[in-house]
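Look for chain A in each of the two complexes below; its partner is chain B in the first and chain C in the second.
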Partner chain A sequence: MLKKYPTIKFISTRAGWYFITLLVAVTLNFTLPRLGPNNPVDIIMGQFGSGLSAHEAQQREERYLMEFGLIRMKGGEIVRDGEGRPIRTSLIEQYGSYVGMLAKGDLGTSFRSSEKVWDIILRALPWTLALQIPTIILGWFIGNLFGAYAAYRRGIFDKALFPMALFLNSFPFFVFGMLLVYAFAILFRWFPPMGGYDLALMPGFSFAFILSAAHHYVLPFLSIFLIGVGGGAIGMRTMGIYELGTDYIKYAKWLGLKESKVLFYVFRNAMLPQITGLALSLGTMVGGALITEMIFSYPGLGMAMLSAIQNQDYAIIQGVTLIITVSVLIANFSVDMFIAFFDPRVKAGIQMGKGG
Partner chain B sequence: MKLFKNLLKSPMFVFGASLFSLVLFAAFVVPFFYDISQVTRVGNPYDAPSGKYLLGLDHLGRDYVVLLLRGLRSSLYVGLLAGVIATVLGTLIGLIAGFKGGLIDDVLSALTNLFVVIPQLVLLILISTSIGESGRSLTLIAVIIGLTGWTWSARSVRAQSSAIKSKDHISLARLNGDGGIRILLVHILPYLFSYVFMVFIILISAGILSESAISMIGLGPVDTQSLGTILNDAKNNGALTDGYWYAFLPATGIIISIALSLYLINTSMDGVFNPRMRK
Partner chain C sequence: MKRVSLLKLLAVGALLTGLGFGVVSCDGGGDGGGRAGGGFPRSETLYVGGSQWGDPTTFNPIVEPWLLSWPVNDRFTLMYESLISYNTLDGSFEPGLGTLVSRDVDRVVVDLNPAAKWSDGVRVTSADVRFVFLLGQRFPSAASAFALQFISDVQVEELSDGTERLAFVINKDDRNNPLVVLDLLQAIRIPPAHIFEQLLAEHNNDLRAVQALKLDHSPVISGPYNIEHHNSERIVLKRRDDYWGNDALHGGNMPKPRFIIHPIYKNNDHFATALQQGNLDISQTFVPRIWLRKRDGVHTWFDEAPYHLPGTILFLVINTTKPPLNDVNFRRAMAAAINYTDIKELAVSGYAPEMQPGAIMSHRLEAKYFSQEDADKYGVRYDPEEAKRILAEAGYQSIFRPDGTLDHMLDKDGNRLPTLSIMVPAGWSDFEAAVKIAEKGLRTAGIDARESPVDGGVYWPARPSGNFDILISKIAENVTPSLPWSRFEALMSSRNWAPVGGETPMQENFGRYNNPNSPEYNPRVGQLLGSVPTMTNDDDVRAAYHELNRIFMQDQPAIPLVTIPEQLYQFSDRNWKNWPTSANPYAPPNVPWVGVNTKVLWNLESAR
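And now, the complex of A and B:
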């Protein structure tokens, strides 16, 4: 039936594929932290259990065991064995309750503050989205413009731009962030070295707060943006040089088409593989940007993750990693769809039934 | 040999190779003249650079030159080990998927595509936290980075090997009665050597950067120093905001030198090797 609607077929196969990836990601997110010898409850009890009486300690331990789905429950009560001890669940049961909780949108509770992980993520997520989405897209776009121009012009512009782009692109994110902090926040004192806004201000839509947030935005923005420009420019330059050597461009030039028209064709054809490239590198970009957040103590997911790692707060770590993976999956899926509708080559493939 | 001569004509390669030789010199020759066997307290926290301790002292009063040289050696070790693991895994998976085609290709490609979209940093963080403080050795970290870093190379090797598969000399070998493994090793792999080597170089660099990245966030090795743990210590002890440049500039400089030199070597090789392979 779907054969008649290749586009719908394409979208549903891609969606199905991403759903499987999501399942694998959820499973990994469940399994990997359990590989080690550490049981989360033992860790918390080791941290907070001292100074409690035996009875209190037992109660507290049972509460944590319950929260992590490590013991069997029936109608809200703990199922106990003959000696009154709770019965431990198997890994499969734990996995079932983990997926069940996720399906209800429950990411668990922080070990430290007994705050819901979801609330912590919701507080951090806007900062991360506001920092990363514009930075990554803009960096990629500006980089592509530079790259295309360098491929077309060659000469001095290319000779200056290419080594600089190579240099920028080999910078690890965290290193670049540190250098920017040192140069512009410590030496010159133009920008604040850390944080997302002045802590004396209340977050809100006041002029002072927005100004302060913008001031704090500059350095983290630059450190992700410039690396993106470097990467985009190198990829686009290579693609552009390749496209400029193809027969259709030579033909277009022989026909005497306007320079701007030829450049437009080159740009359009070289752009689309670059979008695929962006999709493939998104995981690395987002990972790098998260570390940049940590360098700047930016109040986003990266910082939430860092403090969770320092506190050994597994619930938050697991919640944040899952949200990151899901975000990257959604971004990839969007790029896939974008390419499917804008790349004539892929579009033709779908129409002929080759897509999916 | 001719290829090598062509490489030497590329200023990018010469610069990259010289810079990398310098890094290797620091890691393996300098220690003969500068004792790095002991990491001990020799002065006060963050003592400024002096004639005796050229790059100053860290937050525990330890000589930064010793720490940096040891860190550099650890980083190179991690890069090499992780690079070898990721390259071997990626090449094998890519070769087999591209050459066999059919169901095997579908399964292996699906696996690759799956892990391409899951961020490596996420996997590294999840595994490192589960191992816990006590078990996080340098070697284990290298192995984990290698095991999670192969996807990109598998993808590209697959594309290359599936392109070679349809070449005439492969059909000839088949007619000759050669088996699959022999064709793979004798008739396909040699064509990919330059490519695999380039992948290897990039994966070494990626391994070093991954190690510094997770060490930076406090999930680094506990049994030794690495460039990442030096930066992590500097950040945690306020060296950045207090302006102790010698706590992080030399380490960042070394990391950039490694990444840049390997990247330049790779890019220049791409220019020399590729005209033949490029689609």
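And now, the complex of A and C:
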């Protein structure tokens, strides 16, 4: 039916696959925390139940089971079996209500603070985005500039830049972050070792607060930025050198095209995989933020997640992992679409009906 | 093309950053009460750490303490106060909202301070006390419902001067335990009944609905500090200048810090770094090698080793139902195989005195119940040869490989024994180190046991269910008036006996020692545990503790490894001085937001 419209067919097939992936991801997100031998209520009772009598322990347990939706309820009352024990909900029932809630856009409620998980995520997200997006984009851009320049100029610049970029990029970023903290926060004390702003200040639109936030921004920024520069430079340099050696460039040179025109072609074609990389790193940034934020005790989604793990707040953990999954999927999907429309090779394939 | 993109990207980046800070600013400013940019002057602010890890959750005092945020969680008394508080140095009870008048086997009597007032000006009365202590009668799932095992009523009598005298009537039909009543009186914080009754009425008497309220915006409290602001990065408390206790308890003075800020860092290192840099004034987090931090102004209770006062004991709890661990000789051999000095020096940074056998500490207030003679006679100490001798005598055989390492063990009938696992929560570095040292000693002596680091999700449920061979655990964590009774109860009580892995877990005696249905049952343990709390004669108490400890040492249901501090207590004197220390012991080594230690806030002096 869609034969006449290969592009729409391509998009819808892709979207279909991503939707299936999403369903699998949601299912995993639901199943994984439940694979362990113990449910959250057992863990909580084991940790905090000391000193309760058998009767109270049972009362307490029932309340928690109810909060976690692990027992069957009817009209606000616990449904019990013949011996008065509450009836546990089956995995299928739990899954059904989980998916039902998700479909309504409800990520659940924090067990500890009775806050909506969405509110918690929305509160943390701006910090993560403010740290990650400018850092990733800037690192990517400057890295690519360096890489392209190195590929074109070669010589001493390349010889100095390439090993350095390799060194930076092969550094695990958390080790790099810790080294930065040690050097600039503990040894020299130029920058604060942790936090998002001076705790003596009230967050708000004040000069002092923004200055303090900027001061706290530097080290986490550098820890991601420098590594991004390294990665971008290596990729771009390699691609640039490859493109410079291709026939079409040789041909263009023989034709006597202007150097800037030739460079433009090189840059444009070498760019494609780099853009893919950028989109992917934007997609995975939420997951990557976890460790950066941990090293610097920097506010954001990663900290919210860690906090939830420490608090055994399963609804938040599930909510955050879902956000991570979804953003990775969206990034991948955008890359797919981008390549489809901007890479002439793939584009031609689609139009000949071979896509998807 | 390049130039345009660069500019655009930079612009987008700047915009997003700005937007981020903007949103963040708006968010934080919301509960700031218009203090934006004003800030908290360092010279008037006390920075504290270690009592809040995750995001602040709720400040509602009728929620279970473990769900709460600082300073309402645990036994902390800055916002909601307890009736009395316990001085862990001298064993005395100091006044809070009330004063301890008398205690006997029938009742514990407390006079309510007539000056005590809520922050809305209403007087603190017996209604508030009865509300929380008897809440379990109205709502069986209330957090304080467990109090009803110990008290049956709170009777009120008005004295001629208008003081209300409260009698906590011991519940003789249930636990009959005046000792734990003293624990309760210093642990249960009093919430304002007039506020909560109103909330309950507004919510159709639905306790869960009231428990879901966060109560973080100028709640009605009785304590000296109220919640000012909180977000994921910190909790800020502000001094209440009209606190009733300033006149009634502190000679008309106010506590020195105007603000108290608890930063929420995510690991110990951040608290340690902040302490060293003078950005944190006191912390109850683990700071290793404390002697290296002195030059940065970081100090502890003692200036020399062991630096901290011992508060609780770390045990290896043994599943006494499982062969070969059900054999007392096997357990005693284990106790002889472990090098306790190594554990003290290597696992806990030397922050402990020498360990004595038995479940009574030979230090602090418990020392009066400790018998050196018994410990020498009945206790097992580190002696690898003795361990081998006990094993051989009991008929066990250890098969070593040619290189001298242990391969496996055979029981009395020559059957191969499975390797025993010692469960330890993964990532708890001091616990893991202690277990590693224990494992080394056990294997050298020919006992086939291995460390088994597990996730908290396995560790915590294993304790009450009994699904473990051996596990490491703190027993009776807080120093309370009921020690060492509560430690023996937690180690040896068969009161709620239930089989391993059964429907009902056991919240004490995780090792299932002394099964009442077995022929070896020793009823004496239960008798002693039941009678100590109601004993009035000191000699009787001492004799009973000696006997309990003898039984513990002879039966070895658990192995004490090392003492650890009740609270790690590290402070910096760069911004605030006059902290309590062993040289200036005006309060116990504890953080100034719990019980008797709140008086430290009145005694601090600015060092700037």
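In this section, the second predicted complex is superposed on the first by the 316 of 356 C-alpha atoms of A that agree within 3 Å, B and C clash if a C-alpha of one lies under 4 Å from a C-alpha of the other, contacts with A are read in each partner's own complex, and residues count from 1 in each chain.
We adopt the following convention: a residue touches a chain if its C-beta (ideal position, glycine included) is under 8 Å from a C-beta of that chain, and two chains touch if they have at least 3 such contacts.
Keep in mind the model is a prediction, meaning the values are calculated, not measured.
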Partner chain(s) touched by A:G204 [first = chain B, second = chain C, both, neither]: second
Which superposed partner A:M305 touches (first chain B, second chain C, both, neither): first
Partner chain in contact with A:L28 - chain B first, chain C second, else both or neither: first
Chain B versus chain C as contact partner of A:R72, first or second or both or neither: neither
Which partner, chain B or chain C, touches more chain A residues: C
Touched partner set for A:M294, first chain B, second chain C, both or neither: both
Partner chain(s) touched by A:K9 [first = chain B, second = chain C, both, neither]: neither
Touched partner set for A:G36, first chain B, second chain C, both or neither: both
Which superposed partner A:K116 touches (first chain B, second chain C, both, neither): neither
First (chain B), second (chain C), both or neither touched by A:I317: first
Set of chain A residues, in rising order, touched by both chain B and chain C: 36-38, 186, 193-194, 294, 306, 310
Touch list for chain B against partner chain A, complex: 12, 113-114, 116-123, 125-127, 129-132, 135, 152, 205, 209, 212-213, 216-219, 231, 235, 240-241, 243, 245, 248-249, 252, 255-256, 259-260, 263-264, 267, 278
Interface residues, chain A side, partner chain C - complex: 36-38, 42-54, 56-60, 62-63, 110, 112-114, 120, 123-124, 126-127, 129-131, 133-134, 137-138, 141, 145, 185-186, 189, 193-210, 213, 264, 267, 294, 297, 299, 303-304, 306-308, 310-311, 313
Chain C - residues contacting chain A, complex: 1-2, 5-6, 9-10, 12-14, 16-17, 19-25, 27-29, 32, 35-42, 45, 47, 53-58, 64, 66-67, 140-141, 145-146, 149, 208, 212, 214, 229, 231-234, 261, 263-267, 270, 273-274, 277, 455-465, 490, 496, 498, 504-505, 507-508
Of chain A, residues touching chain B in the complex: 17, 20-21, 24-25, 28-29, 32-38, 163, 166-167, 169-175, 178-179, 181-182, 186-187, 193-194, 242, 280, 282-284, 286-288, 290-291, 294-295, 305-306, 309-310, 312, 314, 317-318, 321, 324-325, 328-329, 332
